[in-house]
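I'd like to ask some things about the structure below.
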Amino acid sequence: MLCFRILLSTTVLATLALAPAQAAEPLKVGFMTVRSGALAAGGRQMEEGLKLCMDEHHGEMAGRKIDLITADTAGQPAVAKTKVQELVERDGAQVLIGPLAAFEALAIDDYIRQTKTPIISPSAAAEDLTQRKLNPWFVRAVGTSAQAHHPLGEYAAKDLHYKKIAIIADDFAFGHEIAASFQRTFEENGGKIVQKLWSPLNTAEYGTYITQIDPDVDAVFAAFAGGNGIKFLSEYKNYGMQKPVLGAMTTVDEGILKRMGSEAVGVISSGWYSAAIDTPANKKFVEAVRKAYGADPGYYTVGAYMACQFLNNALEQVKGDISNKEAFMKALRNVNIPESPYGPVKLDKYGQPILDITIRKVEKKDGRLQNVVIKTYPAVSQFWTYGADQFLKSPVYSRDWTPAK
Amino acid sequence: MTISALEVTGLYRYFGGLPAVRDVTMRIPAGERRLLLGPNGAGKTTFFNLIAGDYPPSQGEIRIFGQNVTRKSANQRTHLGMARTYQIITLFPKNTVLHNVVISLVGLRECRFNPWSDLRRQTALWDEARATLVLVGLEHLADQTVMETSYGERRRLEIAMALAQKPKLLLLDEPLAGLSADERQDVQRLLQSIPRDVTIVMIEHDMDVALAFADVITVMQHGQVVVEGSRADVVADPKTREVYLGQ
Amino acid sequence: MRSPVSTLSLSLIGLVALLVMPWLVTSEYYINIASQIAIAAILALSLNLLVGWGGMISLGHAAYLGVAAYLSIYLTTQAGFGHLTGALIAIGATTGLAMIFGYLALRASGLGFLMITLALGQILWGVAYRWSSLTGGDNGLGGLKRPHPFGLNLMDPTTFYYFVLVFLGIALLCMARFMQSGLGQSLQGTRDQPRRMHALGYNVWLIQWLSFVFAGFWGAVAGLLYAYYNQFVSPQALHLTTSAETLLMVIAGGTGTLLGPVVGAALVVILKNVVSAYITRWLILLGVIFVVIVLFMPEGLVPGARRVLRALKNSPHTDKDADVSSIVRDRTQ
Amino acid sequence: MNFWIIQGLNGLAFGSLLFILASGFSLIFGLMRIVNLSHGAYFMLGAYVGLSAIEAGVNFWIAILIGGGAICILGTVIERFILRRLTGQPLAQVLVTLGIAFIIADTCVWIWTGDPRPVPMPHELAGAFRISHLAFPIYRLFVIGVAFVLAAALWFLLERSRLGAMIRAGVDDLTMARAMGIRTSLLFSVVFCLGSALAGAGGVLAGPILSVYPGLDTDMLPLALVVVILGGVGSLLGAFVGSLIIGFIYSYGQALFPDLAYMILFLPMVLVLTLRPTGLFGKQAF
């Protein structure tokens, strides 16, 4: 209690103090990651991305030392809740980065509102976090599930001229949202989703599903998260399947692409990031990651890295003074980074970045598999071309969004 | 016509195709002392278990005091006034002697379903249990755990637990087995002190004790009744000798 | 024999410590941890009823936690019920579920019982995951506001802590009464000698079933508090690991004791939430602690500590060798 | 028609995997009455060890032996120094094996970083086998073959060998077996080693299909339990038939009732257990 009071009083003092006086004090940033359990791989990549960014800034942003406090949520919502309390109440974190999974982010959503703690999401892609359940203290440093896959649907119909596609996706919110967004733009451009297969997240083997795929389709859209993409693609090949595969961003993410073999070659996917994006900013970033960790950066690495850059950008706008939280939030929503691994980034008024979405194809280059960019859709909004109002009128994408025909 | 305490008709029980009890029919009038004799494996204990309701018969009918209990479970039969002891002593070893008797008493009372009222405070129950212990001469051991008592004392406690329920039909499975001569006398005296209106069916190997005790004797072999009759009849019957000597 | 006086005095000390705790700790964070421990303790106590006194090892106890939490949140945030109605329906329905689950699970005993409870738990987890229109799928349900019973502001961590503590107190009282009640004694009898209990006139199945339902009821209470605490529920609450953790709390603390599950709950919650901040590989530590408890205090922490204390008391010269030897002697008995 | 054939093959292949996983569990439970909740962790650790061996340049077949051998050693050590001290305390054993499962799982994240890793399959078994329109992975056919060979070998071991006679005697009546002069202590170690080795080797063998990832242990353990419970404990035939039934339920069930995908394995188990608490082939209740 005593400590807590002291903490309170320092906050009060800080509020009263002038910016330069405060600059001397380190800024406490709480970072929620996953170190144990099934999501540990993503957690580690997040830590790597964040560390890289921190090192780039030599642990200082806008003249303030950054005091990074890391917590392991174990990928469990209830633990995430305790951990966010630990970071905010006990350790006095003033800004949060994390957590990894959407269900963790949703679990702490109420708490964030109550404590009015600015939080930057480095990976959770759930649509509603920046849409129907808008949280004024929440900003996302990655795309939404649908943001990356609206373009792919259009591309599949217009550029690849596919007519009939079967979807197989992880049976959880992320998979539902990706599948529905792809289906929407694909069908609006004349394609037809003839089949939707939902495999449980913990599906032991995909043989049962692969053999159900309609043989008359032009292609299969496979939307998987975590390690399921590895399993699916290798089994797809072993079952002698010939139909081309379209992937979600996470199906062939660099984080798992490094573990794949020839089965991944040729998979076309879309995303807001590829390690193969050919810009100086990204080349520099990829170089650094390869040097430090010996692998290409993927979804989680770049997400955490960018979350950290968002923080830096916002801090510079307020000159390191976050005593006025509203002002800081405004700065955070005003983040504008013209050159980043993503490309140019700025946020819409919902706290969601507007991003270049690339269509990528897995190819073997320089002795490793890469998501080579074949087309770029510049400055894609989370609402695609529908406009926020119209988009938000319909309910969030779900498993039953539109049945297959 | 008087109602029989126990009436068994055409009772069969198979274990994996092997009959342990075959076509046993028996009628025991109220108040009778019946002895079951027979070599090991004759099916006596299986017969007991069928009557007690540990498992259902494969065929046949069991009536207790005129009521058909063939499909009734063991606990329901107990509530009809039946009690039994076990051949291999199955007490609650970590509890006190007195506590064991209380458990026996609670079995017939509604408070066995009460999740709230403290059993320790129901003094009537404990007094009654203590009185039963006095009856069997174990009151001095009331507060010892069963683990601390001797084999003979446990035998008597077995009987006390059965008697505490004030049964009208008492099944005793070898109450004298493994006892020393002194202990036998104690138990024997105890058995003799049971009121005459209680029907007793007893399995026992000790011929002298058993014969002195029983009104009617049934000899079983291979799951069947071989001889049935008064003491003298059974002893005189050549089939009895065959069962015991001629195998 | 344990001495009732020292147990009582220890419990009193514990009670006082629990009551003044909010004044001693340095941050609301720890008060929240204490609330979590108390909620986990209620769940562990209810499981202990089955495991400790009934000898029925259940690996599906998260079912009651999760279902009550889902129901209360769904009813209040989606179906428009008030807090009290929502809570009552949630607890009532969950207890009803325990009636059905008990009916199914008690058809088997021992490992079969364990497996049926596990399977039923997994089925519920599957339902929560799949039936996303109702449960929110993996995203779970949120948006629950804590109620304001009797004008209490439960949003305040300290008030909430006392609120939970009252329930823990009632739970402990009920468990203590249960242990000594006719039903509790009967249940312990059916654990040790089911056949004998049958012959003594006990309907073993009914007694186990009633206890199962009673345990389910307390599981539901824990679930309700869980929902209020987290203001959120996801399939994780129904997952096998939650059941397993609860079982670990019970066994580690000491089965068949009153305080064991509370201590076990504290151990697991603290390791998972507090120690994990300092030790990255806290799961390994958790595993090692369980192995060590089983090997050196197989009866659980609470009875084990009692034994060690007794051994210390009994040796007049508290020299270390004597202590060790008396512990060893105890063990070999 | 094709649907029934291909899903039947899928079920057979998955059932075969389950048998390899569950046979060791059943063996250990049958003889020693130990519910080894670390069995899933053994399976995962075996797969990781095998993977590391392959990455170090070892041939796939040798890697299976290495995976099995490593887990055999681990299992024997755990049996000798931990489980043996807890004979006759099922609760303590449940807790300790659960604790060990935690330790193994987290150690795997520690050593192998938590990235999902496919185990490369031997080149000679890659690709699909085709008859007219049907295509089926050669590796899965191979796994089906392995399961049948393993079942036969285990049957031979249990029914025809001296060791098997001792194990059967132990399963039937432990005290009797001791009285007959069987060194049950050694027997336990051998059986635990064998059961663990089956889990470890099974992990490597399953690797190319399942790949290895944190959580593989908790995904697989319930399946092993389901198989053993459905088939009946301590019965080799039960484990075999149980595995195949579960395999078929899994493949047909997921295809025919996608809404029940998450529960498809547990519904039949509840059904069987409530109707026949000894399992399909078990002689005794648990």
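Note that the chains take the letters A, B, C and D in the order they are written out, and that residue 1 is the start of every chain.
Here is the rule we go by: a residue touches a chain if its C-beta (ideal position, glycine included) is under 8 Å from a C-beta of that chain, and two chains touch if they have at least 3 such contacts.
From a predicted model like this one, the values you see are computed outputs, not experimental measurements.
Enquirer: Which chains are shared contacts of chain A and chain C?
Expert: Looking at chain C and chain A together, the chains touching each of them are D.
Enquirer: Taking CA centroids for every chain, report which one is farthest away from chain B.
Expert: So the farthest one, by centre of C-alpha atoms, is A.
Enquirer: Closest chain to the protein CA centroid?
Expert: Closest to the centre of all protein C-alpha atoms: chain C.
Enquirer: Approximately how many whole Å separate the CA-defined centres of chain A and chain B?
Expert: That gives a centre separation of 74 Å.
Enquirer: Just the number, please: Cα centre separation of chain A and chain D in whole Å.
Expert: For chain A versus chain D, the centre distance works out to 37 Å.
Enquirer: Between chain B and chain D, what distance separates the C-alpha centroids? Give it in angstrom.
Expert: Here the centre of chain D sits 48 Å away from the centre of chain B.
Enquirer: Would you kindly tell me how far, in whole Å, the mean C-alpha position of chain D lies from that of chain C?
Expert: 32
Enquirer: Mark out which residues of chain C touch at least two other chains, giving numbers and ranges.
Expert: If we look for residues of chain C contacting two or more partner chains, we find 129-130, 281, 283.
Enquirer: Counting only residues that touch at least two other chains, what does the list for chain B look like?
Expert: Correct list: empty.
Enquirer: Touching two or more other chains, which residues of chain A qualify?
Expert: 35-36, 171, 200
Enquirer: I'd like to see which chains touch which, written out pair by pair.
Expert: By the stated definition, chains touch in these pairs: A-C, A-D, B-C, C-D.
Enquirer: Of all residues in chain B, which touch chain C in the complex?
Expert: It comes out as residues 52-54, 73-76, 78-79, 83-84, 86, 90-92, 103-104, 106-109, 111-120, 161, 165.
Enquirer: Name, in rising order, each residue of chain C that touches chain A in their complex.
Expert: For this pair, the touching residues of chain C are 22-30, 32-33, 36, 129-130, 132-133, 137-140, 142-143, 155, 226, 230-232, 234, 236-237, 272-274, 276-277, 280-283.
Enquirer: Which of the residues in chain A come into contact with chain C in the complex?
Expert: 1-4, 7, 35-36, 71-72, 74, 76-79, 81-83, 85-86, 89-90, 102-103, 106-107, 109-110, 114, 126, 171-173, 176, 200-201, 398-400
Enquirer: Touching chain D in the complex: which residues of chain A?
Expert: Of all residues in chain A, those touching chain D are 35-41, 43-44, 171, 197-200, 202, 204-205, 207-209, 211-212, 226-227, 230-231, 234-235, 238-241, 255-256, 259-261.
Enquirer: Taking the touch rule as given, give the residues of chain D at its contact with chain C in the complex, in rising order.
Expert: Against chain C, the touching part of chain D is residues 35, 82, 85-86, 89-92, 94-96, 98-107, 110, 218, 222, 225-226, 229, 233, 259-263, 266-267, 269-270, 273-274, 277-279, 285-286.
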